[in-house]
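Shown next, in structure tokens, is the structure this report addresses.
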Amino acid sequence: MLLAKSTWPEIEVYLQHSKTVVVPIGSNEQHGPTGLLGTDWMCPEIIAHEAQKASPDLLVAPTFNIGMAQHHLGFPGTISLKPSTFMAAIGDWCRSLAGHGFTKIYFLNGHGGNVHSIEAAFSELYAEASFAGRPRGFACRLKNWWDLSGVNALANRQFPTGHGSHATPSEIAVTQWAYPDAIKSAAYAPKIAPSGPIREALDFRARHADGRMGSDPALATPEKGGELVAMAAKALVEDVAAFSAEAAPG
Amino acid sequence: MLLAKSTWPEIEVYLQHSKTVVVPIGSNEQHGPTGLLGTDWMCPEIIAHEAQKASPDLLVAPTFNIGMAQHHLGFPGTISLKPSTFMAAIGDWCRSLAGHGFTKIYFLNGHGGNVHSIEAAFSELYAEASFAGRPRGFACRLKNWWDLSGVNALANRQFPTGHGSHATPSEIAVTQWAYPDAIKSAAYAPKIAPSGPIREALDFRARHADGRMGSDPALATPEKGGELVAMAAKALVEDVAAFSAEAAPG
Amino acid sequence: MLLAKSTWPEIEVYLQHSKTVVVPIGSNEQHGPTGLLGTDWMCPEIIAHEAQKASPDLLVAPTFNIGMAQHHLGFPGTISLKPSTFMAAIGDWCRSLAGHGFTKIYFLNGHGGNVHSIEAAFSELYAEASFAGRPRGFACRLKNWWDLSGVNALANRQFPTGHGSHATPSEIAVTQWAYPDAIKSAAYAPKIAPSGPIREALDFRARHADGRMGSDPALATPEKGGELVAMAAKALVEDVAAFSAEAAPG
Amino acid sequence: MLLAKSTWPEIEVYLQHSKTVVVPIGSNEQHGPTGLLGTDWMCPEIIAHEAQKASPDLLVAPTFNIGMAQHHLGFPGTISLKPSTFMAAIGDWCRSLAGHGFTKIYFLNGHGGNVHSIEAAFSELYAEASFAGRPRGFACRLKNWWDLSGVNALANRQFPTGHGSHATPSEIAVTQWAYPDAIKSAAYAPKIAPSGPIREALDFRARHADGRMGSDPALATPEKGGELVAMAAKALVEDVAAFSAEAAPG
Amino acid sequence: MLLAKSTWPEIEVYLQHSKTVVVPIGSNEQHGPTGLLGTDWMCPEIIAHEAQKASPDLLVAPTFNIGMAQHHLGFPGTISLKPSTFMAAIGDWCRSLAGHGFTKIYFLNGHGGNVHSIEAAFSELYAEASFAGRPRGFACRLKNWWDLSGVNALANRQFPTGHGSHATPSEIAVTQWAYPDAIKSAAYAPKIAPSGPIREALDFRARHADGRMGSDPALATPEKGGELVAMAAKALVEDVAAFSAEAAPG
Amino acid sequence: MLLAKSTWPEIEVYLQHSKTVVVPIGSNEQHGPTGLLGTDWMCPEIIAHEAQKASPDLLVAPTFNIGMAQHHLGFPGTISLKPSTFMAAIGDWCRSLAGHGFTKIYFLNGHGGNVHSIEAAFSELYAEASFAGRPRGFACRLKNWWDLSGVNALANRQFPTGHGSHATPSEIAVTQWAYPDAIKSAAYAPKIAPSGPIREALDFRARHADGRMGSDPALATPEKGGELVAMAAKALVEDVAAFSAEAAPG
């Protein structure tokens, strides 16, 4: 069930039997010579939308498509929020949803660079309650789609070498499966890109000339993407169910 | 041309002949008994995506899908940013895009309640430059899709009565055209909803029991939506061209 | 009744029969070769003070004299708040007044450039309540003095050409009536100033060499100013009365 | 010379021979049973306006009329900014003025409760430059009007007992001199009000039932006010001249 | 009793008979050619720790060691918070402590440059309650260690000339007494340093070549430091007891 | 070399041959029935101070002693910053140090709950440069003391069971070694504490009645603490050296 394609009375009915909502969250940032700029928000969106087809009771919010990608700003097309802006926006999303009665807000994340800011945003939300000495009333969970049960293992089998950590063949494969009209190709040099620390954008671009980090995107295929989506969608439903079932204390 | 489905080298090439980008911006908020929660971000997205099919040189950014909808928070499914959060996020989007060399940033808006906050966000961006005594380096423009040339006139012809100002038959028709699988129906009472001032969410819900403002959404049809999209898409291309052609002063 | 010339026990008594207060709000910014820098805060102050002489039950707060004038910062004497600062200050004014029991806060505005920021400030105040799911307890209204009933029509009759949108003969006439000792003159070239978009300060000054926008201030006279003040003051009393009479929902 | 009654070309000329501007700053807050709510912004305004009559080269900005009066919010009519808002606004005023070339910004203050926040605002402005390792380009000075040379001594002679620290006979006398139409009277009990620490508004009102702190406002007369204004205006001109003459280091 | 060396159950027990906590607060900033960078946070820490040895019921929090020292940033080793950051942090400290039941929070300060920001932070905390119309629930007090009863008088006897206002022989003596292993020496030229206004860091360093303000640190001895500590520690216990004994109003 | 016990000329000399500084950072928060409230800031301070004794060229800044511990606010004595405040303060520390010429800022962390906020603070600092399209000029590194080479392995050997994740025997052992006068004991029930998710303070206290998470602090001894400190101090010197040696690109 897609929240954006629902009416408010439908959400009101939904809340009578479930208080959980899934928010796909990612980033719009360079993904090397062939990866789509939208890769990191498309992947969790693709997986979550696929999951709700089979499990109509999974409610999926609109996609939070701009995240924390400051280090990629040296490459055209990247759009980033500052961590503080990102945290404020996550806070408003959660307060909006909690105001309707949602008590479990599950973020399916597609960008590793988002993790610290999202978790800090959760802490900021919890801190409001902690400083006031009152219950928060809702819980947040962050899950990277590649950390869903079985997904990393599958990617390792699919791409025993050249997976890397940015513009990976697995994420590119997912977008190839979903958007076959947008498959790009390029000659990569070197075949596997270098790795290094992540700092400001100029530093990043100096270290990673074409934007990849340790990856060989040429390994991606739509078929492998489809396998990843199928596994992730199934695992998502189970992980969300476990989160929903978790009892709030006293 | 869709930015999210492009690679960074493609955007780099694009910037060699155009410095303009279009950002669909809207809101995710209640739209009465039958309007989709995503109506206000779907409409500008639908129009902008349609426009770039015919005019591939129109670059369309990802959709800014959560806006300023505080007054709708009394209805389940609404997600809103506070004006201050919204302004910070718009600022980061614009600074990201301007950093790549875009000098004209065009927001195609789908939610009347966004207007003041978006314009204030532009002023905040300009003020940074004004206080520093330096040129800003880019210009922003806000256009509501219904204000594109010919669109309001068409809507008035299509819906001589019962158009209203929220959950209007024109915006619902646009989403019906794009998402025929998600057309909903309901018995409206009264047929045309009441109007009134816009204040906090509890006040709004007390004044507008089912969320509509002055509208009769039953008048919407996918065909009328298609007419609106066609006219708006054409006018968008022309309006963006005029903005692009506008010279920056000395 | 002027709040600043009252004592707190007098305001306590006032609140027993009225919960409405009028705040003149404007800007201190260049107004062309002959317009006073204080024009935009003087005009609503002049009108509101005049109105309360005839209607002693109209309570007028001190004048909020610095607004959002970032685009005029290229001209000496302009003082501006950033939109975010302006919004924070409006918020504190309203919270202060609401804390005493005022439920209707009416801003009589003298600067078009303030409108978006003031409305965004109102939304920020309402959003506090909407996110908390509680009533706000007060309502805000913004009215430009030239939009008071009959005023624009009078100005159009007085100045059929050359009115323009900044450093207009109507606003200059109002200050001439109130401060005849401060009437200035200059040779204008061109007689009617150019118009154009409003962006950062350097851009504005490049487009508008002497600060005027589309206006011919030489048309102003103290007599015309007096007519405008008389009409606006009368209309203000009526508009405030209508706002005061408006019932709050359930 | 009053900035608000000047045109921008007049300020441009002024800046050719002086870089100093005086900003009257105060507060709008309860001043006991008979003191005007505007007392604390009226006093510095009255003194600064008087001073510039005799010394036309003294440039006086519009009055910053709302300050930090959180502890008085328990009394109707008080309007306060939070310290953080106040600091942000002072920052924008100073950045605006410095952008025009003013290098000495002199705040003539009328409210003791403002002092810490104003000084912290100055530090925030200086810190911007200090963190950036660059010169600030302007200097700020804060002076309470009662600390101008000779003023406190005169007040002590005029009011050897019952001066106190809030709603003092000296500040009330100044407003009586300037606004004889707004002189109020009341029976004070006790004659001299109690003193105590300053904390939140409820605490303040519990300690100070009628708002006075240690003062007997019945001692005020317009004549004494006139003496205070004359002495303060003269001392202001001298103090501003000394500030203007102070050289900036290398 | 040192809070950091206690367990939470010990603090829980402490709160059954006392609601007061002492926070040493200072700055880490240049102190001339021989003064330790930590001087300003070490002094209140030394005094407070000494005091609690003799009065175990005095609860001393961890030291707030970085304050507002923007003007010293031109000298290596200085670490400063902006006033706004400093105020936010003081706010979180106080809200944390108040949440446990502390009603009297006493800051023993070691840096004159902190005073305005700390007092503004207190006002910000009080303002939260004042705007909400509720009691704050705790009171804050700021005391500079040199203002404790008898301390300034002792310092004046010890250093009749050359005390100055920064890198003073009294504060250096206190650190010499506590850290005899870290006593430094230098040839000072001039013997007594110049004074002047405090502005941004570059200005400060231009006025004060070696960092001192009006002081001759060569006068410091560990013995004099021990005398100062003894007197200050005794006075601290008494001053805290008076603060603890102060009743909160109705 | 301890920065706080140095003078500014000594730091100026230090900067001629090293641009690296180590900042111990932690938290002041409950650590179960016997752990000191200061455990998390004491541990990195103890280790860093020990390291610089053997390696005098290691420069250690004052300890950042209050971190992000919102979830522990249900236990008396905990002092926490909100993530946003924490990030602002880390930013000011880093900007201060970078202003002196430090290019490598190494945070030795003692609190797992700090990690996300510290990393987000680094991103915020980098983002300032990335949005401006300029080099940042310095790099930050975060290292938890237990992640220093060999330390976790040693702790696993020392405490094969009952180590847990909060109030661990390893961190308590470190403080026992450093502060043998402050060793506490208690009867733990259950012997090994429960684990669970981390949310707001009330939820945390409901899940963890005595504050421990999965740990048996009774296993701690000062001797084990000494072993941990020795290994960590040695590894810290090596890790800092590697960070210092890392070249900045281009």
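Letters A, B, C, D, E and F mark the chains as written, and numbering starts fresh at 1 in each.
Criterion: a contact is a pair of C-beta atoms (placed from the backbone, for glycine too) under 8 Å apart; a residue touches a chain by one contact, two chains touch by 3 or more.
It should be emphasised that the depicted structure is a prediction, and the values quoted were computed from it without experimental measurement.
Identification of common neighbours of chain B and chain D yields C, F. Touching chain A and chain E together: C, F. At the chain D-chain E interface, residue numbers used by both copies make up over half of all numbers present, so the two copies contact each other through mostly the same positions. Against reference pair E-F, the listed pairs A-E, C-D or B-D yield one interface repeat, C-D (criterion: more than half of contact pairs the same by residue number). If you average the Cα atoms of chain C and of chain F, the two centres end up 54 Å apart. Look at where the CA atoms of chain A average out and do the same for chain C: the two points lie 47 Å apart.
Chain A and chain B have Cα centroids lying 25 Å from one another. In chain B, the residues that reach two or more other chains under the touch definition are 73, 80, 82, 84, 92, 96, 99, 130-131, 133. Under the stated contact rule, the graph of chain-to-chain touches falls outside the line, ring, star and complete shapes.
This structure has the following touching chain pairs: A-B, A-C, A-E, A-F, B-C, B-D, B-F, C-D, C-E, D-E, D-F, E-F. On the chain A side of its complex with chain C, the touching residues are 92, 95-96, 99. Against chain D, in their complex, chain E makes its touches with residues 68, 70-71, 73-74, 80, 82-84, 87, 113, 115-117, 119-121, 123-124, 126-127, 129-131, 133-136, 139, 197, 199-203, 206-207, 246, 248-250.
Residues 130-131, 133 of chain B are the ones touching chain D in the complex. Residues 3-12, 14-15, 28, 30-38, 41-42, 61-66, 73, 75-82, 84-85, 88-89, 91-93, 96-97, 99-101, 179, 182, 184, 186, 211 of chain D are the ones that touch chain C when the two sit in their complex.
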